[in-house]
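After this come two complexes, each holding chain A, first together with chain B and then together with chain C.
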Partner chain A sequence: MNLLEVKNLHTHFHTDRGLVPALNGVSFSIKKGEVLGIVGESGCGKSVTSLSILQLLGNKGKIEKGSIQFKGQELTTFTKKQMRKVRGDEISMIFQEPLTSLNPLIRVGKQIAETILLHRENYSKNQAKEHAIKMMKMVGIPQAEEKYSQYPHQLSGGMRQRIMIAIALACNPDLLIADEPTTALDVTIQEQILGLMKKIAHETGTSIIFITHDLGVVAEMVDRVIVMYSGQVVEENDVVSFFEAPKHPYSQGLINSTPAIDQGQKLEAIRGNVPAPANKPNGCPFHPRCPMASDICKTTVPKNTYFGKQEMVNCWLYDKEAKTS
Partner chain B sequence: MSKIVEETAKEAFGKVTDEPILEVKNLKTYFPISSGKWFNKETKYLKAVDEVSFYVNQGETLGIVGESGCGKSTTGNSIIRLVEPTAGEVWFKGENIATMKSREFKPFKKNIQMIFQDPFSSLNPRMHVFDIIAEPLRTNKMYQGKDLEQRVYELMDTVGLDPDLANRFPHQFSGGQRQRIGIARAIAVKPELIICDEPVSALDVSIQAQILNLLNRLQRDLGLTYIFIAHGIPAVKYVSDRIAVMYMGEIVEMADKDALFKATLHPYTRKLISAVPSTDPKKRTIGEEQAIADELNQGESDVVGCKFADRCPLARAHCREVRPDLRQLRSGHFVKCHYPLEQEALEENV
Partner chain C sequence: MKKYITKRLLEIIPVLFIITFVVFVLMYHAGDPVAMMLPDEASQEDRENMREALGLNDPFIVQYGNFLKDISTGNFGESIRYNTQALPLVIERLPASFELAGVAMLVAILISIPLGIWSANKRNTVTDLFITGGSVLGKAMPNFWLGIMLILILAVNVQIFPVSGRGTLVHLVLPAITLGTSIAAEMTRLVRSSMLDTLGQDYIRTASSKGVPYFKVVVSHAFRNTLIPVITITTLQLSIVVSGSIITESVFQWPGLGLLLVQAVNARDMAVVQAAVFIIAILVIVVNLITDLIYVLIDPRIKYS
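== the complex of A and B ==
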């Protein structure tokens, strides 16, 4: 059984300037112990997807349609109180910028202990502190006892991200959502954090959703990739096939425009920009930037084409080649 | 330099000449930091740039890479004196611009332009794009009236912006387009050297490629020389002819691009390169053993020996006692290390 199954998710934001359809029918699933990568450029809906799962959309965002099944439960029907129990306990999240996600006035160790006390009622304060120090050691923080009583500003970016990971893992969640966890870090520190996350996935069997725009991180970390564009999933594949033979022209564009450390090829840029969610083009949202676009792409939204169980592409180019769903 | 090396170098660089357009010698930029005590007379310094020397040849791109806080941006800012250097020389076209009076420096300033990282904060939000691009032309009294208009439209066209958009404000453009505005402003006064400080770090990958390709095209068409400062190693590798690696205010290795990646001499450079994730999922390099914390010690260091010794897997006692000098091990390949990775290279040149 899948740990998480998202089906036909539509999330809209009701802003002062009108309706912004951020997600338009996103479907994917993740198995126990799997690492799933969500890639795409800014404005593609990657982060909104994760915020929808956790229902952290604020008062302007709303899930309009679709279902989110987590361990067989329908999360979209959960009340705020029920969701609060899920967050941080069964599903937790690591954000991009650890300095803004940590409370600057509370000692970092206490922030870890707080999460434990909130979700584990049978823990005493001392037990929670002990557990927090154990977590800090697990994420590789040297002199954990000493660091326990330091404030976030006293720690470096890499250390802060380790604290975030310790908070996220404190209650041993089934699913960890990591939203650009290493984007703000230097490459040598990124290497350490990625190594740490590999270790965690290996030791605890936690499923991870890895949201990133860095294809190097994707190649390094994930088992399966979904590519998002303009609030939709345009391709889904296992990581090796994805890099060897990307199907969607957008995936191909992303790979060709990423400078690689071990190749010296000329970069092929994707022309144009990601459309704003409020004014999407008709037909396939990628067609104005697509080098292969034909007339049908301009008028009609393509259907998903499946190749086996794992592989999916949302593009007219593949429509005749396989059975449409 | 051996003849063969010289010839291949010329072939590789095309129009690049051996004439350095810019030569930086022992550049130091120190920032005073308060010591925390009130009447403490002794001021401590943060050595942001500490005895940095390098040269840039006409028409080439010198990449400067390093992690945040290594002093790469301060180096760029010191060259055009956005930050006043503490000591050292900056020779640009035969003049030492580091010690000039600001009035004397002005004509040189026009020849060195800058492109900044954040296209959101480096453009005046209250100015039309036209005025943003026209401003350096007006300040330097290069064009007036119809000619000015003509020149601005021409520049917009050159960087791939629709001249019809000249009357819009920066917020009406996307990040990539804003970076194009910044580039148009930089090339407006026909500079010879452009310092690009993290020009693509804030952009999405597909847009990054557009901007990198634009910079390459402009270099070819206008004969520009670039100093390309960035922390993204693949991007630096893509645009640069030669690369300098900085660590804690010092250049630790500098070489032709290929030599730097294929015959790496400094342990820090190797660490930096190996930390970059490969885009091939079958070549995963990051292991679980890398999870151990190992942090850059920031700030004022009174390290006597090599500044990298504490993190260096190959450090010996000697490294902690004596600071190594930047020396040339092969033609054009400089390294600041007592025990460089390729020992045979050392023996060859002793």
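== the complex of A and C ==
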């Protein structure tokens, strides 16, 4: 059974300036112990997808349609209180901005202990503190006892992201969602954090959704990839086939424009930009930027074409192929 | 920390110098005290003698020097209304002023913090509209008008509260409401906008992602962060409290520093005016120092050295 199964998820924001249909039918799943990458340019809906899973969309965002099954339970029908029990305990999240994601007025150790005390009612304050220090050691924070009583501003960005990871892992969650956890860090620190996350995936068996727009990170970290474009999943593939034979023209464009992967060759950036959710073009949302676009692409939304259980592409180019094979 | 406090205390000295100078210049040009001190039928010669005796014919700089020398020993001169030393007169009034300002401030804090937090969390709802509208109204009402209306309605028409004076707790109610309303109105607006700002911060989202209940997110994660700008701006608007106190004390004949100051100005009782302005200036400086120290307690990022 899949640990998490998202089906046909539609998330909209009702803003002062009108409706923002950020997600339009996102489906994917993740198995226990798996590391799933979500890639796509910024604005494709990666963060909204992860915030939808935890229902942290704020008062403007709403899941309009679709299902999120977690360990066989339908999260979209959960009450606020039930959701609170899931957050930080069974599903936890790491955010992009280590510098602003911790409360500046609370000692970092306490911010870890808080999660433990929330979800482990039988823990005393002292036990929570001990556990927090253990977590700090596990994520590679030197002098953890001392650092426990420091405030976020006294730690570097890399150390703060380690604290965030310690918070996220404190209750040994089934699923960890990491939303661009290394984007804001410089390269050497980035490598250290990625190394730490790999170690975690290995040692704890926690399933990880790793969101990034950096394909180098994808190659290093994940087992399987889903590619998002304009609030939809346009390709799903295992990581090896994804890099060797990307199917969707958007995936191909992403790979061709990534320097670390395509060394030596001339980089071709994908022309144009991700459309804002409110100005989504008709037909295939990628067609204005797609070098392979044909007439049907401009008028009709392509269907998902499946290859085996775990491979999918949403593109007219594959529609016939799927029928014949 | 000790060093910082010492430094701040030493910094008060030049500030006081400037204040004494301003106070002196104002009084120097304010008019002839002799005219007020002597009866109308006094002769021109009497006036001249009096001026000479008071040193009013000395050059400006000499007069200022004498003034400084006097006040350095606490001698602001004698009040012409009370015929006693001015400084003790002023200090005598402090408890009444502290009582009124303190209670008004307390009431304002107790009202504005919950209301501000509530309306921020109910942003753009009817509740928010009511609270925001109420605070605009509260700010728009001048202290003297509100004071007079309260007296008319609750002390004259319906005689629940005394019209004026100080003594029992009942005497405190109307003046405290009058002074507290403008402060509460301003602070509600501040708490609301600061809370809104705080609620949009990343660490609030982090707290929610840990499963912290919403009420606790607001109280233990957002509130303390909200306070920092609120304290800053409240301190900057200390003038609202000071001027509000003076007006409120006058309306209710509350025997505090403000009433004394207004009466002294009207009577050209210079010694008392100078002493009162001087003490108010010191109070403002002390309050500023105290708020700076409160920051250290709230915000670990601030280190004074």
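As a working rule, the second predicted complex is superposed on the first by the 320 of 325 C-alpha atoms of A that agree within 3 Å, B and C clash if a C-alpha of one lies under 4 Å from a C-alpha of the other, contacts with A are read in each partner's own complex, and residues count from 1 in each chain.
Here is the rule we go by: a contact is a pair of C-beta atoms (placed from the backbone, for glycine too) under 8 Å apart; a residue touches a chain by one contact, two chains touch by 3 or more.
Just so it is clear, the structure is predicted and the values come from calculations on it, not from any experiment.
S.K.: Quick check on the superposition: with chain A as the shared anchor, is it clash or fit for chain B versus chain C?
M.R.: Here the two partners, once superposed via chain A, fit next to each other without clashing.
S.K.: Tell me which partner touches more residues of chain A in the superposed arrangement, chain B or chain C.
M.R.: B
S.K.: Should A:His287 be classified as contacting the first partner (chain B), the second (chain C), both, or neither?
M.R.: neither
S.K.: Is A:Asp89 in contact with chain B, with chain C, with both, or with neither (first, second, both, neither)?
M.R.: Touch partner of A:Asp89: chain C, not chain B.
S.K.: For A:His153, using the defined touch cut-off, is the partner it touches chain B, chain C, both, or neither? Pick first, second, both or neither.
M.R.: Second partner only.
S.K.: Under the stated touch criterion, which partner chain does A:Arg162 make contact with: chain B (first), chain C (second), both, or neither?
M.R.: Only chain B is touched by A:Arg162; chain C is not.
S.K.: Is A:His131 contacted by the first partner chain B, the second partner chain C, both or neither?
M.R.: It touches nothing on chain B or chain C.
S.K.: Quick one: classify A:Glu114 as touching chain B (first), chain C (second), both or neither.
M.R.: second
S.K.: With the two structures laid over each other on chain A, which partner does A:His248 touch: chain B (first), chain C (second), both, or neither?
M.R.: neither
S.K.: Is A:Asn273 touching the first partner chain B, the second partner chain C, both, or neither of them?
M.R.: Once the two structures are laid over each other on A, A:Asn273 reaches chain B alone.
S.K.: Determine the nearest approach in Å between the Cα atoms of chain B and those of chain C after overlaying the two structures.
M.R.: Chain B and chain C, overlaid via chain A, are at closest 6 Å apart by C-alpha.
S.K.: Can you list the residues of chain A that touch chain B in one structure and chain C in the other?
M.R.: Common interface on chain A, chain B vs chain C: nothing in common.
S.K.: Could you please specify the touching residues of chain B with respect to chain A in the complex?
M.R.: Going by the criterion above, the answer is residues 67-68, 174, 176-177, 204-210, 212-213, 231-235, 237-238, 261, 271-296, 298.
S.K.: Hey, which residues of chain A end up touching chain C in the complex?
M.R.: For this pair, the touching residues of chain A are 54, 56, 59, 80, 84-89, 92-93, 95, 97, 100-106, 114-115, 118-119, 151, 153, 164, 167.
S.K.: Quick check: in the complex, which residue numbers of chain A touch chain B?
M.R.: 41-42, 140-142, 156, 158-159, 162, 186-192, 194-196, 198-199, 202, 213-220, 239-240, 242-243, 253-262, 264, 266-271, 273-274
S.K.: Can you list the residues on chain C that touch chain A in the complex?
M.R.: Residues in contact with chain A: 123, 201-203, 205-214, 221, 224-225, 298-301.
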